[in-house]
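Look at the two complexes coming up: chain A is in both, with chain B in one and chain C in the other.
Then we have the complex of A and B:
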């Protein structure tokens, strides 16, 4: 009898498992190093995760439909470079932003169109665009770091503060709320869940699967471009090598840790945020405890496997 | 010579929740016997087969091999005892040579993990000689024609020392000439004392190659006879469930309205699709239920999928309300006010992980769009109305569809179209795997649609169902529409004769 009830309790806890684990980790780190729980550090954690965070919430829809977008890293770099060059050409900020974001959107749309109309596997399609966009970025930017000087408005995006909070955090929260809103309140959100659950049934219910895929890959590209602009603004530079190899893995890890199935189906933007918090807390805690970076990488990998394995237990 | 059967299932039963998939079923095969296993989808054939392969644990009954009880629910145990299964879809590794496929996963070795290729080849040759199979052992499986791939599967089974081979619709993808080749292989197996269970919907094949037959319906074995003692019309009557005692009631009570209100809503002329169906012409009127019946495999599903725009025709023309209407995708068909309920609700119909309410609005999202947003309150109101008018149990729109019973899932699937008030609704086997109560409710829904003035086109293999709801009945045999009857002027015997005769 006891075993049965324990199992039932366990099942009820599963949806909340990750938040509970985060809580436990926070407590452990706080005891090990009281500096961890200070407000400045907690804000630091969120600030550190804004780049990956913006990309992860924007690519959640893609993964919910059983797809993946590997091209986020190079799109990030290219959007930063394009913004730099349009600024250098003396364009006003709205045009600079529109160009950078428009480029990310365009690459995403191309990804989505190839996936939807040629019916190629997303992992191959976006691997190809990853390579092509990185090549294009290197042609555009060369090997140099391009310094962004005397652009207070642009610099504000990554380094400014509003209502006492870093603007980049406000931006991340705004993007996240917007994506949660799209998921819960728009036909697109419902359609993404429907395609992820049963694409054939969605098609036979009269939905335009291709148009939806183009849209969600477009959103993913847009998110990567926005992350690129935030990064260039934060570090006052643009370079073709930003968003290095591994960026896409961090993004996917956050989404999947949140509980979105890599095979499509169940998932949500809100859960991606939980996955991000988990990764953010773990890596910040290890930094504070002065865990060397090589050990951190190994620990992170192991944690991802264990967390996903626990998720499968249900 | 009272040798026990090679394999014998006694009183087998399987219950899933409150669905009885199989009840008190017996099945036996003797050495050198080819037994046909016949029944419509959902009759319990696959459950029975899966019990014999060990894939499913029965909730009642036992299995004996050569008179000896075997441990149930263990695939390795059944393989070890010599039970092999060949499925409709290939289970081979297509990129590998025939020889490797035959011994896949249990190659004879020389020690240290090295494969003894010489011994493999020798054993394969011996088997081929003994069973008169001719295969190039070095050919890549993918390069072989489908019938040869079936032979590879047979050889693979024999290499496992199979005594009983279960064949699940092995000719599903074969052309007529290849079917004969496969039957020649089966006769060779039979001559060597292998017992075979042969699942098929094709009458010709059953009479050509089988010795005995077991006919199933609704989870029960309803007949067990020698093929020699059976003729085509009687077999068709058994297959489609011609149970005169219980049938006449519903059939005679129903009001028939052949040709509805006289207005042609769907006009099909000379429809064809290569290799599937040809020269199909019929009209469906507003205000009638038009049933297309026939045996499984007569290509009815392919026909109606094309009507709905999910597939294309090669030839012919379709008019809907007097206007040309060949749809390039389902979205266009729905735009023209056509609804479509597919046969396999799990594969093609429902989003099982989404809620009842979400599934109910899935074909009409446009109606719940306000300023580009989803009007969740309007959705909830509409779903509450549907849930109550369809009597979906439990009456909770937020429940995941996967948690509903088959009958309630089907009501959700049909209900999502009814809220659109379609001018034509097409349903493929609308009551497969649905309990009796839900069946009656679904029939009432279809009649209400008809009386509202919709055209209702139903594909059904269940003669019981056809006789209960049809205003007119069309019969389709092997890709051709062979007859159309007014339902009030045709007897079930005549329909059964039509289905059976033209199949011969």
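Then we have the complex of A and C:
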């Protein structure tokens, strides 16, 4: 039998620190409350991740280039509202979805174009769009909650089940797989990492920096719009105040926790999923154990610091 | 006593018309008994404006209105200037929108009052600067839905020093002000607990879908419910109390999780209607409608419709249009009666009447009262 040193094992495990931490947390929660490990709860965990999940997966590329998209919250609200109003106008579902998603894509493309061509800092640009899109949503929707009634096809997106799984989960998995494919198998994925690593070098190598940026911000906007449609479908309502201040931080937190560098360069869509799982497991476990909110907030913060600290141990 | 002009300190600074009015008052006084006069004098002295500057400002503000008849045009130069009242809301939402509608209904009939709705954009600093602006413009009254009970206290104090009555809606502030008009959070929640317990047959397990901490109405609505259960249904056990951020989607997620750990759950109390409706979504999905007793709090239209459809068990309904009207009525009386903010030793409180709306009672709520 070969003797393996603890150090060597440790070095092997370091890249998998977060998944290991998740495993430990799952075991701890399962012992404290056996119901935690029930399949319906595990499905519940993934389902709770879907909204932030779709947005985080779609915005990972933006963060990998050293950028950020703060406008996801209002885009989410606006996409829901636009879908509601096109539905009210009697449009069929494909047009409803196309309008909602198209709007998100358009806002993202505008973000990307301003960042790429005017060379403005993404944080300022998307902060400005955050404000403008929220204003537009308020003009469109006013202060009211718009109830979505008798739209079975639209409601299916958020609440239906397919092959025994909630459709929103299938949607989230599909989006994630698509983004992983784009990252691993298309030039765009490589280019994103190259821009984040050294934008100047990527530019001098003859890569299309501007087009790439427009594309990835477009994807981010598209993701936010999809999340908005799923949310409106799940809560049967559209409102201008959905996706409140803080939504963008949840999204960024999931991406960064997964190990994507906020300064750009390293990162991946798969890691974002791990970050999402981590946050989802922790918050679900706290709820199932009925931990009071004050303790919850402290424990969540502590677990995050410990988990990231373990990942940095070399 | 006909005239109600109280700016005694400002006498030397007041213009001729005001002086004439004071003289008129002096004449009127002879009709009243000396004792009442003295009492009134002392009372007025207490109420009198602190500084001549403020007195002057108030005279300038109200000089254009004959307070006895309520008509405009005593002084032609000022006849064109209406007094201003503003409502600073938290952020656009159905409740402040309904308040504003109620306020406007009352104020627009007064003819001499201009009313506007201002938006706090969910930011304390925006509300602070809006109050600042209103003070500088010389508003006659400010309606406020404070985002933060503590952080806005200095602004309210400043408005008070400027003689402007502040009336808060639903969320109180730590600085005493003219009046506070609120939904009956605490006692209403006690009645919810009673109705929910009755519907559950006086026993079983209950979960609370709660608001995030840091806002007083969360505590009022939760404590009222907990105390109500203790008083009316001591056998009902609260097995879970989790935060769902006022949000329907979060409420769905949280209740799904709670149900995994507590499959025998018999009742859910949503601290607002959105969260209760999230619970209804879960009940529908899991086939628990009718088995799970779900109560909300607020009484918004969606919730009332859900009650009528037999999905939501009940909610505490408050007529928020009426709440706005009552606040506006109070403000109008204060402003046209020339009662300055400095006159208030103690803050007034008004708790709104409410209905515990269930399938039996929801029909009483008229379409015009739904918001």
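Assume the second predicted complex is superposed on the first by the 282 of 314 C-alpha atoms of A that agree within 3 Å, B and C clash if a C-alpha of one lies under 4 Å from a C-alpha of the other, contacts with A are read in each partner's own complex, and residues count from 1 in each chain.
We adopt the following convention: a contact is a pair of C-beta atoms (placed from the backbone, for glycine too) under 8 Å apart; a residue touches a chain by one contact, two chains touch by 3 or more.
Values in this document were obtained by computation on a predicted structure and should not be read as measured data.
On the superposed chain A, the two partners chain B and chain C both fit, without a clash.
In the superposed pair of complexes, A:206 makes contact with chain B only, with no contact to chain C. Of the two partner chains placed around the shared chain by superposition, chain B is the only one that A:197 touches, whereas chain C remains out of contact.
By the touch criterion stated above, A:302 is placed in contact with neither chain B nor chain C.
Contact with neither chain B nor chain C is seen for A:174 once the two complexes are overlaid on the shared chain. Touch criterion not met for A:123: it reaches neither chain B nor chain C.
Put simply, if you stand at the Cα centre of chain A and look at the Cα centres of chain B and chain C, the angle between them is 120 degrees to the nearest 10.
In the superposition on chain A, A:28 contacts neither chain B nor chain C.
Put chain B and chain C next to each other and count what each touches on chain A; the higher total goes to C.
Judged by the touch definition given at the top, the superposed model places A:147 against chain C, while chain B stays out of reach.
By the touch criterion stated above, A:138 is placed in contact with chain C alone, chain B being left untouched. Minimum C-alpha separation, chain B to chain C, in the superposed model: 28 Å. Against chain A, the residues of chain C that register as touching in their complex are 91-94, 96-97, 122, 210, 212-213, 239-243, 248-249, 252-254, 256-258, 260-261, 274, 277-278, 281, 285, 300, 302. Those residues of chain A lying in contact with chain C across their complex are 33, 35-36, 38, 40-41, 44, 47-48, 51, 138, 142-145, 147, 159, 231, 234-237, 240-241, 244-245, 284, 287-290, 292-294, 296. Per the touch definition, chain A reaches chain B in the complex via residues 185-187, 189-191, 193-194, 197-198, 200-208, 265-266. Residues 308, 310, 329-331, 333-335, 340, 342, 347-354, 358, 362-363, 365-366, 368-369, 372-374, 376, 416 of chain B are the ones touching chain A in the complex.
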